[in-house]
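Chain lettering (A, B, C, D and E) follows the sequence in which the chains are written, and residue indices restart at 1 in each chain.
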């Protein structure tokens, strides 16, 4: 495959790191199989990055993905035919694999690297550390590529027309919401539909609100069930989400539409005329699903999902997610690949395309393909707290099951208390 | 009024024409028997009357109304299929009752009709069996029972007795005759291979051959005055013997012929002057031949003797590989193979056919 | 045999209507999918597919040119262009704010303040005039309500068909599907014959087992089987994921249904015909190949259709036993990979659904003529 | 091109290899125990001996395939169901105990029963109607192909189709789901169909019925065509109208096949999970056993023990159907 | 050496016993005909010999070897099924050739055999048709052709001619007789309902009734010396007339009986002293009855007249609803219904049966 940017030609890239890596790693004739979550356009993006690894080392890299990649990786590792490298976005799943002994510890080198070179390095290390089969913790998962979730998308034109300002605090946001209703508009587009994963967008809401109402350690305790799911603090966050979502005037289409609308379709309301809504809470990937032809910065923009002014002690928390690379088969090529991920160039090449954020401080922000990405990157690096997507941290049965269902129930009419208790019971059952 | 009228009816399967311009008028109350060699189209004709087979050409009328397009059920007929066509999933009882149940007749009536038919056909012990647990003959009887129970205007029977034993066949035949007698209004069309059945049951017999009607007439007409060689040989068993001959004299009182390689015979059938010298066939039924010591119509060496008890059949093989000459003598004769026998016949029983195989009687 | 010529009755009409209704109900969803596959993505999400067939009134947004595009004409600064772009349509109204998108009739001049005016013609051409130069780098947003004729595009298909490696995946799929259809039929047909017409102890038990195994969930089997494969592969030093492996897997998974359907059919063949062959000296093998197989065509064809379908549309088994690598990826896998990681791209989905459907439908059409009537006619008499 | 040849080669080898087994093994048997020969008694004895072996010869590949691909996993499942989530520690029946107390399981069980009642009946019924009716009209083959088409659509396609049908937009907005479009056209309020508890089960079932009708139709059509023409003719003469012929003559004769189709679809219903997974993933109370099992097996790392326990329950549910089928097969054999 | 030997063979379907302790010895080269009422077990017996039906009890030997367990193909038999059992997917030619193809005979030989059989059975024009495009009779001929082509040691025919017309039936019957003559080694077992077929073809006839063998003998034996009333009435058509009578005198030279409601007759069949006074049946075949003006054996009012041409049948209905008395007179008689006729018979042709319906001849 051709290299996208000619080595040595563009000053945004750290070619030095590429050359150094190429000089020290020779993997001719070796094969590296990588199994990841990226398909479709994303697969092209990651393959552009991998091309540099191939060019540098001479290894034969085979990347594959699958619609049911979560299932696939379980099957492959269980059956004893894993890839060399697995890249997964769910810490819960990674924890399971680690406990079953399907992962190889990465060792201290990578851990220290993360600790020192990533923004909020300590929290990233925590996210990469899991309990192994022998019940002792080790660093298994190398974070690569982050997503930002604490974003609210809007149309600057619509704001201008109506004379709205970007809110700086949660109080302002709520006031804005009411203001829009008062002006005869509908403030929010919320869609929880996602086929088999229906409900997950609501979990992001709850987590974001959780981070804005409770200190980080409470958030952590929540994701590990050290405090029960139906703890009043959690219930309060859910109810706060309900403030936005369970009000027929606040959401486009009414509450009934929340559960039934696909998350991919719901932002379209921002761009209709007259606008069906003015605000949309969603992660950084969402512009992929915006109508064709809308332009970042011109037709849409985002602002940081603001914290409560009443709780200054919580700072500027950020909810995010990310993917982690793991060695599932210990080969020199796999080790080399982890080392490759430590080079800035491995990040910059993707940053220069789209949809990629990194907390790696050595990666040049100039490499971001556009201002939007750069701004997101900035939020990520400026965050005082980085909360990893809680549902991904919870065990699969909760984070990718009961929590989703509970949120759907909640939006469908159940009380926050009931929904939370149900989730807690489910959690109890898998202990 | 005619019960069934066929006008110029024909039938083709693709390019194969199996029936040609059939004209036939069946009166109400008649029992008409179709006979003819295997494959001559009897079943096809019956199926056309029933409405199971499209009529390629011509008109079919039942009770005076055109029926070509009327669905089978509306034609007021019942049919016994050559291949039985029993409902495999129903017991004998249900098979027979089906038509009446469909017609929503009261249960008591159905039961009575079924029991009655079963009694006639000796099926009572089998009423609750499925067809697959019946013998061939039993299945055929069920098929007949089905038709009897329905009590239609026109009965169509396609070889209904072919799988029955002689005793049962006679019994069933008589039952059918009585059925007919009891229902003088109902019309029956009957296909059979059995001479006796045809002769005893028929009010008229229709002889089919290769898709054409050869002759229509009462049994005795066909037996005594066959229209042509085909009918002559087809009716009567064994078939009529045919002697090639030449006309030597002809007049209104009779015709004299000279049998090839045999003597001259005077036949009391009128002839025409122009016949003299023409080649004809002289027909004699085996049963009309008798042993004689006097002048013989035919003499030859016996090639096979079949003793049937009641009668004895003598077979002679004429030279040139023609059909064997057969004589049927009453009683038991102790004659052996290889002996020579001399045969003569009553001149009144002789038949004459012209070169086109047409009978002199019908010219 | 057109048996009953005389059944033309009102019922025939009812039959036609009922079938028409059934067909309509059954095709409507698919028709929707098909029409959707010919539309572009944005339209897909805003209007029903049935509206695609007629011209429709749509609300569109556009943006005028910005400061760099302006020209000076007789002292006024002018920006011109067309809001509809290349697409055909007729503008009926327009507006400059999202709250009042239909404020002005086509051709009217909208007052933008500061003496600036905007005129949008019926053809979508706009003219922006101002006595003072434009400064904003952002163009003016314009909302238009336009009557648009139906618009279809083959882009979705083009995109799917042009995607890299699709030809190879097609061949892979065929390589998987053809033997994975024929092998189980062969094996199951022999077994079905044995279960229907041969006598041996344990027959009833085996039939029961077959029924029971129909229910085994596929997902249950994957891990143990793959483990087995890996074990075997290790012993023989061959790769675990091979075509042979997937054929066998499909054979195994398709086997219970195949045996079940075929046995049922074969048991219904007329006994006398088989007996006749037996008397004629045919061995079981010969009876099977010369009598049973030809007479079972309808059943074989029906099962072949289903097995082919299942294999062709399968993704899970293919990925597990053949792998998701580029060179062995099957068509379904390739198409699914075209969809982004988050499963949007419905337009791709719709188009690829129709591309994959072609082969199974071909198979259905070819095999349908074996589902013939009267195969047994004339063999035996009696009921 | 080269790949094409390679593929063709593999295909041929695969198929010929399979046919070869039967041919050769049969040949070997015939050579070892010759069934023809001068001495009929000896040959007869040989044949009888061969007849003891031959069924197993015919069955061997099938039994092998069934054994490896289905029986072995079943045993594994049972074994796994007695273990914990990692599949390593024996836990006895605790997975089953958990199951009985799990509201999710009870809900799935209830929903599954609904599915079992509705889907096989509806699919078989529609299939039968389609098979019977299309046989009577000249465009029957076209109609059949169209009704069959849903079967041929890949599963992903099918789920998209039905999403478009059930799509919900708020009242007042243009509906892009045809069902809601119809409802609003008749003046009703649009509904988020998939979120209406209890009834949403039926909306999901519709999808499976839509797909499986083609299956039922094809199989039943083959069976209908095997009915002896003469019995139908006899019924026509008996005065039965087409409806009576269908219900009283044709249906009983293909009863066996109807049972087979019913059984097959019933079993399929027990296994179905993709529809539920894609449409609702069991939310809004639409969970079914198979999806529940899938959830436990693979989602978020997986709990093999519980997944397997649910699978075992699914298999147990089939036992009545099995017994019924054995009865039928036995009765059928006695008739021979 | 016996070709086929049945020893104490029996057959039950579940609890229904359809054949009981059948003992029969068929010599090589014989043509044995099974007759009996429908459902008496003929087909079943044939199928057991063929190996298609399990033998519930007893032993079957073919060519001296026990065959109970030998599969059909090894028994050296060919069978014509009552229900044809044609291969529906093969043309007539392939149907007939199948057996030989299986036996891997050279193509030329197969072709010759098939063409030959087709010629005999007049099937040549149909060789390339499928069974479904044939008439009933044609199908049956294909079934026969299949057996002929195979040239087996033992032929089993189950009513092979039941669907053929009289002419073809005679022809085919003669073909079968010639086939037999040409293959003196081959044995044939033949089931038929047709008296003529049975009488002409059989070297011996086996009369079955309700699962038992009633009598085995040559056709003439059965006709002249039936062992019991059943055989007497079953063989011959119409059936033998039975007059209830009482023995008035008995001696080695003859027996005198008095017919119920009629006169006394001296029958030249030896009787025993103890017979005097016992109730017997006096049997007279219809064809042995003649019209007389002298002392009559029976006189009554004619209820039906059937004129068959060659013969005339007179039916009398005796009082008490017993079987009708039938007289079969040669030739055509112009007698009408309701007339009274007086019948007598040659005493040598009379039969006597005791109270158990056994013939006096076999006591």
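Some observations on this one:
Criterion: a contact is a pair of C-beta atoms (placed from the backbone, for glycine too) under 8 Å apart; a residue touches a chain by one contact, two chains touch by 3 or more.
Remember, predicted model here, so these are calculated numbers, not experimental data.
By the document's definition of touch, common neighbours of chain D and chain E comprise B, C.
Touching chain A and chain E together: C, D.
By count of C-beta pairs in contact, A-D exceeds the other of the chain pairs A-D and B-D.
Taking the mean of each chain's C-alpha atoms, the chain closest to the overall C-alpha centroid is D.
The chain with its Cα centroid farthest from the Cα centroid of chain E is A.
Here the CA centre of chain C is 20 Å from the CA centre of chain D. The centroid of the Cα atoms in chain C and the matching centroid in chain E are 68 Å apart.
Centroids of chain B and chain E (each the mean of its C-alpha atoms) stand 22 Å apart.
For this pair, chain A with chain C, the centres built from the Cα atoms lie 32 Å apart.
Residue positions of chain E touching 2 or more other chains: 71, 73, 83, 103, 133-134, 136.
For chain A, residues that reach two or more other chains under the stated contact definition are 68, 71, 74-75, 195.
Residue positions 1, 3-4, 7, 9, 45-46, 219, 223, 225, 281, 283, 336, 374-377, 381-383 of chain C each touch two or more of the other chains.
Of all the residues in chain E, the ones that touch chain D in their complex are 62-63, 65-67, 69-71, 73-76, 103.
If you check the complex, the residues on chain C that touch chain D are 1, 3-4, 7, 9, 11-12, 15-16, 18-19, 22-23, 26-30, 32-33, 36, 44-51, 168, 171-172, 174-175, 178-179, 182-184, 186-188, 190-191, 193-195, 198-200, 203-204, 206-221, 223-225, 228, 243-244, 247-249, 251-253, 255-257, 259-261, 264-265, 267-268, 271, 281, 283-285, 288, 298-299, 301-302, 305-306, 309, 313, 332, 335-336, 346, 349-350, 352-354, 356-357, 360-361, 364-365, 368, 371-377, 383. Chain D makes touch with chain C in their complex at residues 3-4, 7, 10-11, 14-15, 18-19, 22, 26, 30, 35-36, 47, 51-52, 54-56, 58-59, 61-63, 65-66, 68-74, 76-77, 126, 129-130, 133-137, 140-141, 143-158, 160-162, 164-165, 174-178, 181, 210, 213, 215, 218-219, 221-223, 225-226, 228-229, 231-233, 236, 241-243, 256-257, 260, 263-264, 267, 270-271, 290, 293-294, 297-298, 304, 307-308, 311, 314-315, 317-319, 321-323, 325-326, 329-330, 332-333, 336.
Put simply, chain D touches chain B in their complex at residues 228, 230-231, 233-241, 244, 248-249, 252-253, 255, 335. Residues 50-52, 71-73, 77-79, 81, 83-90, 98-99, 102-103, 130, 132, 146, 150 of chain B are the ones that touch chain D when the two sit in their complex.
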